[in-house]
Amino acid sequence: MSFLDDFRARWRAYRHPGHYERFDYAWTMTIDLDRCTGCEACVTACQAENNIPIVGEEALAKGREMQWIRIERYWEGEYPDVKLRFIPMLCQHCDAAPCETVCPVTATYHNQDGLNAQIYNRCIGTRSCSVYCPYEVRYFNYNVHHWDKPLDEQLNPDVTVREKGVMEKCTFCIQRIRQAKDHAKDDGRRRVRDGEMQPACVQSCPAEALVFGDRQDPQSRVAKMMADPRAYRVLEELNTSPSVVYLKKVGADAG
Amino acid sequence: MPDSHDEIRYADVNDDVIRSLVETGPKYYITLAVAVGVTLLCYAFPWFYQLYYGIGAAGMNHPAVWGTYLANFIFWIGLSHSGTLLSCVLHLTNSAWRKAMYRSAEAMTLFSLMVAGSMVAVHLGRPWFAHWVFPYPNQAGLWPNFRSPLLFDVMAVTTYLTGSSIFIYMGSIPDFAAARDRTTGWRHYMYRLFSLGWRGTDTEWHRLGRAYTFLAVLIIPLAVSVHSIVSWDFALSIVPAMHLTIFAPYFVVGAIYSGTAGIVTVMFLLRKYMRFEKYITKLHFDNLGKLLLVLSLLWTYINVLELFTGWYGGESTELEALKYKLFGYYAPLYWEMILFCAVAPLLCISRRFRTSFVPMLFLSIAINIGMYTERFLIIATSLSRKYLPDAWNLYVPSLVELSILVGTVGLFCTLFLIFVKIFPSVSIYEVKETLPAPEEGSTQWQSTR
Amino acid sequence: MEPGRSGRQSGNPGDDRTGVSIVPALRILRPPALVLGVGLAGVAFGYWANTTYFPGTTPEQPIEFSHRIHAGDNQIPCLYCHSQARRSAIAGVPSVNRCMGCHEKVATDRPLIREVARYFADKEPIPWVKVHDLPDFVHFPHKRHVLADIACQTCHGPVETMDRVTRLAPTKMGQCRACHEEHAVVNGQDCWTCHK
Amino acid sequence: MGTIDRRDFLKLVGAGGVGAAAGFVLAEAIKHPVEHLIPYPVPPEEFSPGVAAWYNTVCSMCPAGCGISVRTLEGRAKKIEGNPSHPVNQGRLCALGQAGLQVLYNPDRLTGPLMRTGARGAGPFVQTTWDDGIAELAGRLNELRADGRSDRVSFLTAGVRGHLAALLELLMAELPGARLLQYDFDHPHTLLAANERFFGAGSLPYYDLENARYVLSFGADYLGGWLSPVHHALGFGRSRQGRSGARGRFVQVEPRMSLSGAAADEWIPARPGTEGFLALGIARQLVAEGGYEGADRDAWAAALDGHTADAVAAQTGVPAATIRRLAGDFAGTRPSLALGGGATGGHTNGVDALVAVNALNYLAGNVGRPGGVLFNPPPAFGPRARAAHASYRDMLALAEDARRGRIEILVVSDTNPVFTLPAAAGFAEALAAIPYIVSLSSFMDETTGLADRVLPSHTYLESWGDDSPEPGVGFTVGAIAQPVVAPLYDTRSKGDILLGIARALGAGEDFPWANMEDYLKAGWREVYGRAPIPAEAGGFEAFWISVLRAGVWGENGRRESGSPAVEARVIDAVGVAPPEFAGSSDEFPFVLHPYLSHALRDGRGANLPWMQELPDPMTSVWYGSWVELNPATAERLGLREGDVVDVESAHGKIGVPVYVFPAIMPDVVAMPIGQGHAGYGRYASRRGANPIQLLAPLTEPVTGGLASSATRVRLVPTGRRVSLVKQGGESRQLGRGIVRTTGAAAVTGPGARLASIPIKVEST
């Protein structure tokens, strides 16, 4: 492919309105805020699955956390009528992702599954994707991370360990998606069944607040969850068209 | 014009300028040594440390992933702006007062661009793969992302660097020839190489003039586009207080503004230390002062506009970001910027101020400090106040970053100091154009040396 | 001709060195430039020669196992020993146990086989040296490729003719892409198909 | 062009040659370094490199007893997930449970038996052998036994269940008079006592959150660390959005908002120690106005007389209108459920208060019904008699005996009393008086640091064991814990150590089992006997394999039991004594509310880097400790976040930074437990402060449990400031609509019908 073809193809994809709707899958996560308890089981699940480094107190003091999913907390009201709202925040896999346009080397792009891919070994570390991301879910390797032996025995061989100077983020557990597709192929199925594959965070969620699946399949659980009138997307007004759909928390006045 | 060149004799021009190339006092070497030392100590060493440790050596953190490196980048790109751009504009408008200063102004452009380019490498997480941003055929079949504003930036800066280099080089050819004819030894060979066999025939002059004007016309839009594109790195994002339509003109004005101030600084130094008092005169400072005044008003206007539209729009994120800029953690820097860039230049209303060299020097330095602050604030305030309040974080530059900032000045000075010994830093032939031609047979032909 | 222009005839008329050609300067430059140039060309040549004529490595193995005898002369299929290749991402090397499956009976008197038998008796693994290695960030499932009837030789070369296995050339991304394009692999050009 | 002479030619040849050599070497250097491929000499059955094997076992990170599946690749554990078949957690798992991998692969694990050489507490430890270690311990035990002084032996362990507990009791039988103490800081003594008093059953019942429509919790942080958090979260989620047409409502009463308080629809701050009054007030409303129609109505009316809404409002600080509303909702939204525990049970009136909560359940008719309190059958195996957990009072007695020289051998296992007992107990000093201390811990924690011998046990992922969860799920459940990886170090499983001691004591014939696995199998034959498989279908072996595969075994049982009658004297005894606090309110103006840290629990998780790097769910602080203050209090004292204050009680003081916490009562300060370790490895040591050290030795009179929420403290600013390491920035939404809420209309949606059991696909 010459670079002119490449250029043309990308430009067309970028400007074609329904481009993302023709994809093989449209992986989607729904997060029911009425169920979420803020327990952070998802955080550790993600950290264990995706070889997320232990950054240490010093780096955390500088604000250099690496956890791909985090719980944001927002207080409402004043004592005694005070409420704390939790919202899990992870890569939204936006269909119109601002991060994808800005990367000069296409280290981040949209793949045919509707996922916002991040190719670590293509990344040169401009960090512009993180600036462009309104959800602040891209994490940068500010330095080399070490696992004190034998903690490195735990590292998942299906996920690479990222070098310093590389941006990383939630992949919707691409290694699990890949494996589910592999199993589907072994069984002679063309598609992955709903619920056959779950990212680590969804799998672990004790309150079952997180649901994952293909929203193109009208029978899938996510498609049904998205039909809930409570469904909304965070920062919808930015037209990023995220693949993570939140379900509103039910207020205290509900009987 | 004549009044400003009263004391210059036609023959002195060559002598003075060539003298500046050939005669090198200990002061020069001391200055050069200091500059190189600063470059190594404050730039090279911290950078190597950062390469070894990772970008973590800088003070950036999770939401504020950009920091002073990019501020340095914009600052130096901005500083590059007045050189070539101003030179082109003044060339096309036939402003004679440009002729004494344009060479060093263009050199500033070149070296600022080089320093700015190096900042990109310092900024990258993995600079050893920086070549991936260039489109070149490779076995993996990969191309850069042509819709990325960063790639536009790479293209624009490289084009501008190429254009500026050719422009300054072309304008210097007759002067190289003059130097060639007056030097000996390695310099002679060097200038012989550089002068490309210039003989000074009418055809050559004619062609040079045409090409020069042609390039000047080309470079003006290029320069405007470069800083517009630099601004798009920010304006094409959706970060509050960054995605502003006014950013492109804002950056261009800011660039010319800081560049003009930079020229004032360099002019002063050249005048003082290269003994060009006769060539760089009150007239230049007067004119540059007027330019500064106009630019400062324009810049202030755009700044007020930014605040006004943000406030009028009343959107929460935008309002919060502006409020933060004005009254938040970085507010002292903001007001410092306003003082230096909007208030102080009003002094240029007075002709007496404009024609006083030392106050103008201080003003020009103040303006550039203010402009650097502006670039820093664009990054620091916007990135620390994005959409999700829970993710807000402060950014404070680390020692490595501050050191590299100082180091860039050292690098720039080093390059400039080398330049003044290789390039005639005042255009010999163009200055001569402003002088009355000597009569035939006059003694002025003889070299004073 | 404009009046001022004549003054630009710079140069000292009496100086015989005042050539206007750049050739003398080039001539002065030539010897060092030539040495430097030849030196750099030498580096390029050396690099090229190494990567072109010696792209592979032929590491010495703890036991001089010959693929030529097993896969070539005796026509044992690859998957007989590397049986995991059709089940797993990792092809794996056979265990000593598998070696002894045959060599309990076959050619038991040869010194190399005795050595293998010693490993087996000691329940010690044979520390084979890796010949083909992909970087950590690449996901290459042997299973999918074997099940798609891609011959092992496509990437590994004619192993059945080698006594000591040689990596003929490092596997490059371009090769993966070309092969995926040739076989019209679904999503074969997606980065996430191979990168992890 | 000139000619090239000989010297030039040689120069060029030289340059070219050197260049080519450099290029060649450069290219050679870039090639891959040597890597080895090491196959198994004889691969295990069904082994395939690169294909994951999942093993089911039991989580031991907290007492809830969740079932886990561990993903292993090439013999290394990679990931812990919940076992989908296990009824307690149903495939889900909390953060701490998932961090169990870091117990296994902790860099600070003890790698073999150790012997102290220098002074106790300071001296270096040197490696010894197992034979040596066990022989010495058994020799000393034998000596004491021979002298008839085996009552001078004490075994101190964390709470154990199942066959390990049975084995411990068997071993104790060999040492007449020896003491077996199980000590956990967070053991719910008061809850068990309250159940014993009210229901006559001193066990933990099953709280059916899933089917409840209205949950009123008094201090029980059921989503945070109380009893069985994962199961409660499952129930919470399903109660909230798992049924069409009915969304569960949750109300939390506590002085400082916990994770459950944040999840609840309503958080009600009540004065510390007065939660019991509130329960009584609501109970009175139920009897007086809620239409309680039971036969014992008059007895209740008499017992609750005086607890009018207004009187209770004055006692608790909760408005009378709120009390009436709560009572109305509690009676009107069936099935409803009242929970009590945590800090409510941690006062001097803890048992009274929890009895009052039980009374609420009884009066609302929630006992023995789905969506209410269901009783658990006794466990299918393990010790018949419920082992008594050591209360604070028991530990004091142990310390006192030690000081008097009446304890000669102490065996400590997995519990860390030096850290989890208040400084006032003087436990560390008491240990100094014990001549011989053996620790079976896997880590060098504070207590193990004082031991003479360390016989480090396997982690739970390397050992055999079994468990029946407590609280259960309303029917009989058991699970076998199997090793998922080969032991990393020269350690032994706890069961094997006990068997080894028994054998060395010469009790071989009473302990005929070769190892723990053998003992387990023998014990599970009994379980198998409840519903044997025909021999042709495989018999016990098939049963054993199937339980190992499934990771869980259970018997369907009836959950509903109907409401038991409550004796009149129990009703008469319902009443709550006023809470006592240590320290006068003039000198110590604040009540200290210590709570179990979400990630570190009572400090056991502090050596796990994932847990240290898990932001606290309420404050988002990483690493370190803090003290929470109401904004008004902070303003009054002129304190801001990060100001270091000395928290002083009559029994000690610790310096911690302030965190201004919007949801805490103005006269209460709260501190998380878990940090402040002196030892316990590189991730835990010298980090934060331990509020347990401040606690006054005040006990609940019935159980002797420590009244951990009854200490008063004062705050003394130190003038120092630190920057709290935390994740969160601005804690308000600023109207950006990030977390959106909706009103009553959208109670449930299509999602309601989608209550899901996770599907696990990755097969072995």
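General observations
The letters A, B, C and D name the chains in turn, as written, and every chain counts its residues from 1.
We adopt the following convention: a contact is a pair of C-beta atoms (placed from the backbone, for glycine too) under 8 Å apart; a residue touches a chain by one contact, two chains touch by 3 or more.
Computed from a predicted model, the values in this text were never measured in an experiment.
A summary of chain positions shows that the Cα centroid lying nearest the centre of all protein Cα atoms is that of chain A. The interface with the largest number of contacting C-beta pairs joins chains A-D. Distance between chain A and chain C, defined via averaged C-alpha coordinates, is recorded as 35 Å. Distance between chain centres (mean CA atoms), chain A to chain D: 30 Å.
Centre-to-centre separation of chain A and chain B, using mean CA positions: 42 Å.
Separation between the centroids of chain B and chain D, computed from CA atoms only, is 63 Å.
In chain A, the residues that touch at least two other chains are 65, 72-74, 109, 122, 235. Listed for chain D are residues 50, 727-728, 731-733, 736, 738, each touching two or more other chains. With touch defined as above, chain C holds no residue shared between interfaces to two or more other chains. Every residue of chain B that touches chain A in the complex is listed here, in rising order: 53-57, 59-66, 123-127, 129-130, 132-133, 135, 137, 141-151, 154, 233, 236-239, 383, 386-391, 393-394. Those residues of chain C that touch chain D in the shared complex are 27, 30-31, 34-36, 38-51, 54, 57, 59, 84, 87-90, 92-97, 119-120, 123-130, 133, 170.
Those residues of chain C that touch chain A in the shared complex are 135-137, 139, 141, 143-144, 187, 190-192, 195-196.
Note for the complex: chain B touches chain C at residues 10, 14, 138-141, 174, 177-178, 180-182, 184, 188-190, 192-193, 195-200, 202, 205, 428-429, 432-433, 437-438, 447.
Here chain C touches chain B in the complex through residues 1, 3-12, 15, 17-22, 24-26, 28-29, 172-174, 177, going by the rule given at the top.
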